[in-house]
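Look at the two complexes coming up: chain A is in both, with chain B in one and chain C in the other.
Presenting the complex of A and B:
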């Protein structure tokens, strides 16, 4: 199930397209997913809505691959923290994988890297 | 339906039926605007039309009158939709007034007085990307040689973020001391925010306390963009790292604090991610670019430096900053 959202913005007269693609599949209380594109104030609502469908599930085991994420800002971070908090409260677990060095830094600065289960992308972790 | 409107309509209609000129049509168009202003519904217009036609041409066949009656019935729901639209417009106007009011309240709330301390030059710039600023800056100063500064970024925008900010402000006011240390300030605000804010809203905050007599800055961070330390004697830049979780995520979070002593010409640069997360067509604006901008103006007053950094970053991003921008510089002079 792929969802594609495209927001066009006009910057400097040229066309810059921002997009996000969220693929989620759930089987036997295990949620697997991968996210591609940019997660910012424009696209975060798309991701939030997709994740919210699963956050009330008891004992959900979720693993999201972020290796396709080129950019994420604090709004995107907020979506993951909200998801983390709600599935943790229901006895579940969230793991984020494939973090680029930029994303890893964002999690580390915010202190979330210490409490959330995150994994840097192989070969992309250092900086 | 006021009588004079009916009479006017009949006259305008009669003119047009006699002579279908642009001018006669134009009179009709203007009249319809007046009808809208008078809140005359579509079905009333048709029933007015029917009455006017009956006056002018009473011998028309019954089928014409029946068809008007049918058309009147058809228009009733359009009339209701129109009423709904009008009440929505009114409501939108009210909301806009409330929003402006909230922005004003926020502006009053955000007001903070720059501390005045011996040997410390302070520069400050905070520019919202939209009407409401998601960045918050607050100085705590008792004129006793100490000054606290909080730089916060509320993740989540608009009205909820503004409400969240007022909680931070009252948390800081309740501490009411320029001597309060960063780890205590951050712990107190964390508990306030954690209790009251919904799951997808968080705050990152940098808090620093400056002791003018010792030229010592003690700082802590709750998941905030690290401040930058500039050393005048080496010309080097360093990040002031301090571990600590975003405010509002966990009540158990503990915060570190560290100190640095400033020499003449040294600077501490505090900011929000609106400064560091800038993007141009070529990609991200790296921290080195910001270091370079500061270095270019390092001998100037702190306010001139923050203005220069803002102007240049804005120029690089074609005058279109995507996020709230807040930059504070403490410069030892």
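Presenting the complex of A and C:
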């Protein structure tokens, strides 16, 4: 029974819930946001699309809280790097806050921690 | 008797299955006794390999499958990820994969970019086999077995 329903869902294309939530609010060229869930190959396009809506703005001051992110890999890094480059080119600034020690480590081992403005979560430590 | 238990997953080459593979590997790794941090490393490394396979299949316009083979030893895990949908004879394929070479795998490196770099940094050993698709073979030892190499590079 379970076997057949699995085959069926494979044929029809199974729907798997997106485990990401992105909240962005912009006021007077200040972008505030928080991200919850997992940022991987499946969910990164959602985040990229939401951020792209603001990347052409001149002098945007963006601050994104990542304390709700419990998984991230290179696809997530790619999204943040692209957004960082875009708004930097327009004289803006991106700050990422609330990084868990895991996320902080990801930025550090890729060297991005030296380039981008990142801040570890209070009480969670940097290393 | 084989010195390891072998678990194989076959998933559609679609991004929504990257997380499924990641969670399964996390579950397997926790049973061998990996630390929390090592399991997080394994989750990232395996996601990178599966993501690469999914994106490769996607760029080729194929509706392929990704095969993920895990060999569970007492003190280490070996993970093989192939983007060409064929089940492998684990030992045979393992013998065929060579060390990773920048020049030869230039295309894979450009595509994989940061992903392959992370796999190399987070795992103890990485090999890439580039024939009939790409096969990534990676090993991680349970902490205490081999901790010397790249673990402490981030201390400030």
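Odds and ends about this structure:
Just so we're on the same page, the second predicted complex is superposed on the first by the 107 of 127 C-alpha atoms of A that agree within 3 Å, B and C clash if a C-alpha of one lies under 4 Å from a C-alpha of the other, contacts with A are read in each partner's own complex, and residues count from 1 in each chain.
Here, a residue touches a chain if its C-beta (ideal position, glycine included) is under 8 Å from a C-beta of that chain, and two chains touch if they have at least 3 such contacts.
Bear in mind that the values here come from a model prediction, so they are computed numbers and not experimental data.
Of the two partner chains placed around the shared chain by superposition, chain C is the only one that A:19 touches, whereas chain B remains out of contact. Touch criterion not met for A:121: it reaches neither chain B nor chain C. Of the two partner chains placed by superposition, chain B and chain C are both touched by A:77. Contacts of A:48 after superposition: chain B is touched, whereas chain C is not reached.
After overlaying the two complexes on the shared chain, residue contacts for A:105 are found with chain C alone; chain B is out of touch. Looking at chain A, you'll find residues 14, 16, 40-41, 71, 73-75, 77-78, 102, 109-110 touch chain B in one structure and chain C in the other. Considering their complex, residues 153, 155-157, 199-202, 204, 222-226, 243-246, 249-250, 253, 273, 277, 279, 281, 284, 318, 320, 322-323 of chain B touch chain A. Residues of chain A touching chain C in their complex: 10, 14, 16, 19, 38, 40-42, 71, 73-75, 77-78, 102, 105-106, 108-110, 126-127. The part of chain C that touches chain A in the complex is made up of residues 12, 15-20, 22, 37, 40, 43-44, 47-48, 51, 54-55, 113-115, 117-118, 121, 153-156.
Residues of chain A touching chain B in their complex: 11-12, 14, 16, 40-41, 48, 71, 73-75, 77-79, 81-82, 85-86, 102, 109-112, 114-115.
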